[in-house]
Amino acid sequence: MSGSLALQVGALARRSVFRTLRQPAQVVPSLIFPMILVAINSAGLGKVTEIPGFPTDSFLTFALAIPFIQAGIFSVSNGGSDLARDIETGFLDRLALTPMSGVSLVTGQLAGVLVLGVAQGAIYLVVGLAAGAHFEAGLAGVPVLLALALCISFAFGCIGIFAALRLGTGEAVQGLFPVLFVFLFLSSMNLPRNLIEQDWFQTVATYNPVSYLIEGVRSLFIQGFDGEALALGFGFSIAIGLAFLAAASASLRTRLTRT
Amino acid sequence: MPAAIEVRDLVKVFKKGPRAVDGIDLRVEEGEIYGFLGPNGAGKSTTVHVLTTLIPPTEGKALVAGYDVATQGADVREHIGAALQEAALDPFLTAREHMRLQTALQGLPRDERRRRGDELIERVGLSEAADRKVGGYSGGMKRRLDLALALVHGPRILFLDEPTTGLDPQSRSAMWDEVERLASGEGVTVFLTTQYLEEADRLADRVGIIDGGRIVAEGTPAALKAEIGQPSVEAVAADPSDRGRLAGVLARFGQDGDCPQSTPEAVAVRLAGGEGNLADVVRALDSEGVAVEHLQLHAPSLDDVFLAKTGHSLEGEGEEGDQAAAHAPQPA
Amino acid sequence: MSVGRYRSVALVVAWRNLHNFFGNPALLIPSIMFPLFFFVAFAGGLSRVEDLPNFDFGSGYTAFQFSFVLMQASAFGGVFTGFGIARDFESGFGRRMMLAAPRRSALLTGYALSALVRALFIQVLLFGIALAAGMNVDGGAPQLIGMSALGLLVNVTALMWAAGIALRFRSIQAGPLMQIPVFLALFLAPVYVPLDLLEGWVHAVATFNPFTLILESLRGLVSDEPFHTGAAFLAALALGAVFLAWALRGLRAAEAAGG
């Protein structure tokens, strides 16, 4: 008897979702912490909107894109740690003894991360709007925003899975957390790229793919439907996801040495 | 009749690492319980990992259920179940959810999954705890669930890697009963690794003793022990000044050429006539007026077999070697 | 217990922690890289902020942000030492030390000494790199020593907070409980702009936040425009005393629980 791919993915996806939702220590910080930060930063940097050329007069509206990326970073840590735990406890060996394919393992593991990512996106939008942020894209933009949140979660989720398969321990995966924050900070997180004064910083932010993820989300809040920003946001997130998915599959072949 | 498991010249060398399995041959018949006994680091788990297709062999050939583990891994996995050294469970899932996952992955038809899952949960005595998260289970409960998951697809060959390590005596006994039932009642072939003498003695139809990656002895427990020789008797004189006379009496009953072995307290000798000599020994001591404060018959154990073959003892090398020693056969 | 014995216990505990810190790249490198990274991200990415009307800080935005980074590095250095205490007690090593030391407060003193040495090491590195990057320092040697001393007081205060948590919970799972309040206390100070450029609720909170006084005083020292330096030292000492009592109570709790 061998299960179909869809059946295997479904079974592993179900487990992944259950496991994510049953760990409040994973879910709650990734919801609350970004919101607290955006509240503090919006208040602290409120005056920055007075800089000539700043695209909006509400720093909250400008900054609300950041939690989407922070949530993604949490998903690297959480999703990667879950898979690393499976490796450490031998649960991966248990799965390896079934007809489960490597592809279904990786895609199934992503499910929990993706569900949480979309839920987080919805919560950030609602809380942000309640706090006074403006969403220029309107009702039509909501599914686009959630789709982008899904793609961002996909990108970071794949990074987490690759890290788990490559590094094999939860501690090592957690060690990536600060590295990813570096990518977040060296981006157009706090200022639009054209307003960054330091040339080197502006260059780094321009080459940093995280800038385009932020700008994609931000464009829905500020400009509405900016084709270029959305294309870059979706494009980079999907590209990052696919690249790390391929890397994860290669790592899985090494990790899962079953014959 | 083809063997359930057939291994020839199996070698496993890890990258930059030891030669964990160094050329082993073994054959396990269908329906047999084969005990693979050895200390920590002997190569037991590595052998199991190769036979269950989790890692490829470096050299040699291994057929499980008639399929080559190196080239027909998927076919092998369809016919085997395995409960490995760690009870690899997800602490956030309940037993029932584990079953749901395992049955789906094993490809059981949808309408059979729940029934099969409930059946196995009941069989291992976890019905009451089935909807509790596994993170809260005791060690014994986790092992039982581990075994149940290994049986989901009705495998004909079951690999158990140290299934009772760390369990309390009651849980251990329950696990033994289940293994015996699987073999005798359902004809499942069981390949069992253990570091516990008593476990191998109790369960295994045949035992393979492994040390340093090689099989040093193989046979039924009784045959292996008989190879070592007759039982020995050990005595402690009530009056230390009688040790010499005690040794003299015992020497009369020893095997040819076998001198009594002395420690500061006790004198021991291997009996030429086996257990039947014990009564004669007692009578002789009595007639010579040698009072003893301690008299014990030691039947050869698998540890004696291990000692004879390898020069070092298995007891004390295992995780609970002292416990194993405490369970050594008692005098007749 | 003689003074000599107390001193030798404290020194050997400090030695062991410093030996682990300097000998373990996994501990040493993040302690250096994080403050540097924040310095680069804030001073580099937000330098445009000094163009805001009424942004009145003579030594430039780099020195403005350096003061915050110094305070942040000092505080988190204390928290990370607290992580070490939690790990020690979780593993049972803390119990071993408590069995050996007649006066258990000597252990706390040892941890504090090691935290101070670590903080001083990071301060020297930070100063060196900031100066090499062209930071303007208008204050003289006494002012810079004053900055260092204030930073060290913040370090000990944060350590005592974290130690109190660590000794009560005796588990690294309490890490977020040690870290998040410190993080919030630091970021609810005028991080990006001076206090008078903050608006809304953050301004109100920052006004009463003792770390605001410490931070503004640090900025006053680096720019040679002293700002309530005495009050800042008093506030730091008072906080230190409060959290020292908190930590000592925690030590009693650990003793009562048998370590």
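Read from first to last, the chains carry the letters A, B and C; within each, the first residue is number 1.
The definition used in the following text is that a contact is a pair of C-beta atoms (placed from the backbone, for glycine too) under 8 Å apart; a residue touches a chain by one contact, two chains touch by 3 or more.
Since we're looking at a predicted model, the values are computed, not measured.
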item	value
Two chains sharing the most contacts, counting C-beta pairs only	A-B
Closest chain to global C-alpha mean, per-chain Cα centroids	A
Chain centre separation in whole Å, for subunit B relative to subunit A (CA means)	49
Where subunit B and subunit C are represented by their mean Cα positions, the distance between them in whole Å	56
Mean-CA-position distance for subunit C and subunit A (Å)	31
Residues of subunit B touching subunit A in the complex	52-56, 69-74, 76-78, 80-82, 84-86, 88-90, 92-93, 97, 100-102, 104-108, 133, 149, 153
Touching residues on subunit A, where the partner in the complex is subunit C	29, 36-37, 40-41, 43-48, 50-51, 175, 178, 182, 185-186, 189-191, 195-198, 200-201, 205
Partner subunit A, residues of subunit C touching it in the complex	26, 30, 34, 37-38, 40-41, 44-49, 51-53, 176, 184, 187-188, 190-193, 197-203
Sites on subunit A touched by subunit B in the complex	1-3, 7-8, 10-12, 14-15, 18-19, 22-23, 86, 89-100, 257-259
